[in-house]
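Below you'll find the structures, each written out as structure tokens.
The two complexes that follow have subunit A in common; it is paired with subunit B in the first and with subunit C in the second.
Here is the complex of A and B:
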């Protein structure tokens, strides 16, 4: 379970033994739990399941929402230009080699940041949308998406990674320009938001699949070494 | 569909991280990205008018002007409305890079988010768009009806004044105030009983009339309904009676006895309940209503047909609340309860063919048989004389015990 590398002076050995005993007798310490590796693996599986569930939910939500926007937005081959303003929505598209080479921390952080922002934008949508049915569906989806963000946060914590800084708190700057200068551009923004959500959910399933295979018990022990024990 | 993952941890996590539950919409940007928003790239083209609001039947001329940064000319452009290409005959070039389109006698918007009028380049690319909101100003909402369930809340519903206002998103606000008290209140819980309804859940005042009205507003105007005045005590309704039992009256072929309990919710209030019973024969859609039931909790139905299955429902009216002489509002009907009258002794199950009378009995039996087959035989391939014999046996057996209610029979 615990690997010791290098030489430890005598007095440190005593301290080390004491700490070892303390660790094994205090399962309440969340970050240093002996069954840590099981927790992370389970969390990753749950997060993966959640992305698949959200993907399914999104299909219904997007269908309803695009019908509300009206043609051509709900046409299957609709492919509008991605104007510069649409880059506010984080893109899931990434170079394959870059994606393969991501560290676990970077992979999880990218997911965490993306969904935090997507959730934020979806909540703004919720406040503006017309029909009661849509508002109901959006609220339900936002709740599930928030669960995903928290789930990813949980995986990161259990693996010892710091959470990325969240979206800025109460607005520091001036209220600024409205999100979209006209209603049509707003419809385009909404379209791209849903599109990116979809792409992210596809990508996340692959991200978490990859993580599932990569989280052995060794990950935890390596960390404890890094902490100087 | 993948089964949803176990989510008991979600509420716990939400409790632990309350801050995430209230994201500020203006704060969706990360600080480091704010600078990038300061100078957006120019849009390829501009449409005028942008997002206009129009009356049904009006005409519109819209122009699409390509930005000087783009090498497109008027003849490279075309228009679509809600995804359908507009005829070139309605276009006119107003300048080297400006194309207009004339739309006449517009219909109401196809969706409340606005009709999508889009200016395209020749290869189909979208240059700009404008949302057209076409409809009618609202008219006074009408037919405001309200009811109070067990005096605990007040729900009102209304109808829009005209169909034309449904093309636009029309906001309805139900307002109320107590007569002789100045303050207007606004109802908050909408769509509780259909799309045009609202519920006032608490703090209802008795003995003082309410003034209630509905305001409708959309992009084209505002309209206020007439004021309705009502006293909560006059619009009270309650739950349907519970425990409705229908049973035979000994061997009497033409009678059934109905018993029920008064709805429990109003037992704390002084009122006399009035009841109404309706019943119909199994294969008819015509209900007979028994009106003079009064406030008893039982009734005997007479003059019924022997050997027939009847469906019975009961409903309740909280009459005379707190001594008022007025009726309240009838509750919903209870779930239908079924029972059958005893078969008449003459020709009961007789096998002798005796003309017309026997034919009707046989027809009725066969009809019931096929119904039974559909339920139990899963397909016509199993139809046969053996099945028919099985059914006769079952009928004999159940006939002996068939003097009680058949609960769970739904219409």
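Here is the complex of A and C:
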């Protein structure tokens, strides 16, 4: 505490000094804290980039996997009807106006829930698949997908939204679904799983584009105020 | 023509019979219709009693219609394939009747006739026209037909594209070769189990558009186009994912301007295509290509956002050609290239025109066509660039003079 003679009362001067010291030390704060304050804007961008990366990875993975399943699954024109049992895989399909009108929370929550469940299914797939190469690719993809789920969770937290409840840990099996009665139907399930995953990644790119435009500036000022500076 | 004159002193039935006989003989033009009906109906109207009058009217109508049907030359249209053999019969005339055939008013030589049948072998497109058959020397028109020679349709070409994602998409089609006869097109769009309606556009005619009801669909769209004409039908199908057909229109209002005091820069700006409905949520990225007119090699720049770019490595004083293309940030394919714009970077205005002109006249000019970026080089006697270069020249000149003195 400085002893200063002058007109300023001691307390005010002390506060003033404290503020100066704090402001001087601000640049020295660890980078992690700074990026948190830069906020959701940057993590949305990172999540967006992650979806693009995963989409690219999926292309190779899907090609390999569909070849492993064999025809007709690996034919480009294969366009089977959607069976009722396939409905348990979360669908990205949504009414246009509904999608436009989603709140940020709803939009993020939909993504979070979808990828969490898709991750479960993929992990089950990983346990059953034949070749070592496929297992390796699947494992790598699952790890990246896990990263995406965490990233989305991070964005939600930084924006102050609660994480949706759901299967977080490694599951025993796909929630509440009967196993496929025969080999062909099992392969159909796998086909639809990959299709939905691909569609979700395309949708997420659009979801995060929308979020990018709407979120950053307000959040930054809010966070600084909350810190008490 | 005495039909409309009222026959005198004959009963009703007699007058109707007389009329009918005239009609059946068929010696009138096909434009009989109303006057004949009036002529026939007049005697009926003259009757005092209403009930028999009404019956008479009905009878008259039946007679007229029957007569018209059976005495006028039938007007037909027939479609035949190119290369086919066509046999035309002269209506209900017997094979051995004496007839004359004409095509578009010109007589046809008897060598083409087989009795009263007209035989056309291996028809080609030039043989399309109106064929008429006349009986004997009286030239009663017995039969008339319009022959249209064409081909059955070949497999049509169908293309679907979404230039206004996420609103919807359009499909357009055409026939690879003409059929020369009228065709009808029928398009069906199936999405999973649902059949969607593709609304036909007024202009251009061979196009229809569809609105997306749902976005991010995993189920493919299957579009089938069927072409039908009198000689056959054909069809084609395309199947695609919602994302695969996204292709924006090229960017609009591309403008390239020189930058003052910067001889190597060009400022390019453009706008999103007006057909793209929502660039905020569905941003576009751009691809710019540019080259000086005198070179063939393009230079490329990809821009992930913004609708302007400054080229900083233009060759000074050269005219450039610049184009821009657009693509959705994440899905689909690149648009076609925009309209090309031309621009030349800013060049310095020559300041002292008179004095410089004199200097260039006296020295032998050998300026290179490319004004390379300023580097210090041993200058040519003829090149006049600036005060710095002049100093170098002088120095070089002095050195050369010194050497010559030493070695001579």
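Everything that follows uses one rule, which is that the second predicted complex is superposed on the first by the 168 of 229 C-alpha atoms of A that agree within 3 Å, B and C clash if a C-alpha of one lies under 4 Å from a C-alpha of the other, contacts with A are read in each partner's own complex, and residues count from 1 in each chain.
The rule is short, and it goes like this: contacts are C-beta pairs under 8 Å (C-beta built on N, C-alpha and C of every residue); 3 or more make two chains touch, one makes a residue touch a chain.
Keep in mind that this is a model prediction, so the values were computed, not measured.
> Given the alignment on subunit A, is it a clash or a fit between subunit B and subunit C?
Overlaying the two complexes on subunit A (C-alpha atoms) leaves subunit C and subunit B fitting together cleanly.
> Please indicate which partner A:52 is in contact with in the superposed arrangement: first for subunit B, second for subunit C, both, or neither.
both
> In the overlay, answer first, second, both or neither for which of subunit B and subunit C A:209 touches.
second
> Of subunit B and subunit C, which one touches more residues of subunit A?
Of the two chains, more subunit A residues are contacted by B.
> Does the superposition put A:127 against subunit B (first), subunit C (second), both, or neither?
first
> With the two complexes superposed on chain A, say which partner A:184 touches: subunit B (first), subunit C (second), both, or neither.
In the superposed model, A:184 contacts subunit B only, not subunit C.
> Tell me the contact category for A:195 with respect to subunit B and subunit C: first, second, both or neither.
After superposition on chain A, A:195 lies in contact with subunit C alone.
> Would you sort A:100 into first (subunit B), second (subunit C), both or neither based on which partner it touches?
A:100: touches subunit C, not subunit B.
> After the superposition on A, what does A:81 contact: first (subunit B), second (subunit C), both or neither?
both
> What is the minimum C-alpha distance, in Å, between subunit B and subunit C after the two complexes are superposed on chain A?
Once the two complexes are overlaid, subunit B and subunit C approach no closer than 10 Å between C-alpha atoms.
> Check subunit A for residues that touch subunit B in one structure and subunit C in the other, and list them.
52, 81
> Quick check: in the complex, which residue numbers of subunit A touch subunit C?
52, 55, 77, 79, 81-82, 91-96, 99-100, 192, 195-196, 199-200, 202-203, 205-206, 209-210, 213
> Within their complex, state which residues of subunit A touch subunit B.
46, 49-50, 52-53, 56, 67-73, 75, 80-81, 83-85, 87-88, 113, 117, 119-121, 123-124, 127, 130-132, 146-147, 149-151, 153-154, 165-173, 175-177, 182-185, 187-188
> Can you name the residues of subunit C that touch subunit A in the complex?
On the subunit C side, the touching residues are 166, 192-193, 212-220, 222, 239, 243, 280-283, 329-331.
> Residues of subunit B touching subunit A in their complex?
1-2, 4-7, 9-10, 13-14, 17, 20-21, 23-31, 33-34, 36-37, 40-41, 43-44, 47, 50-51, 80, 82-84, 110-116, 118, 125-126, 128-131, 169, 190-191, 195
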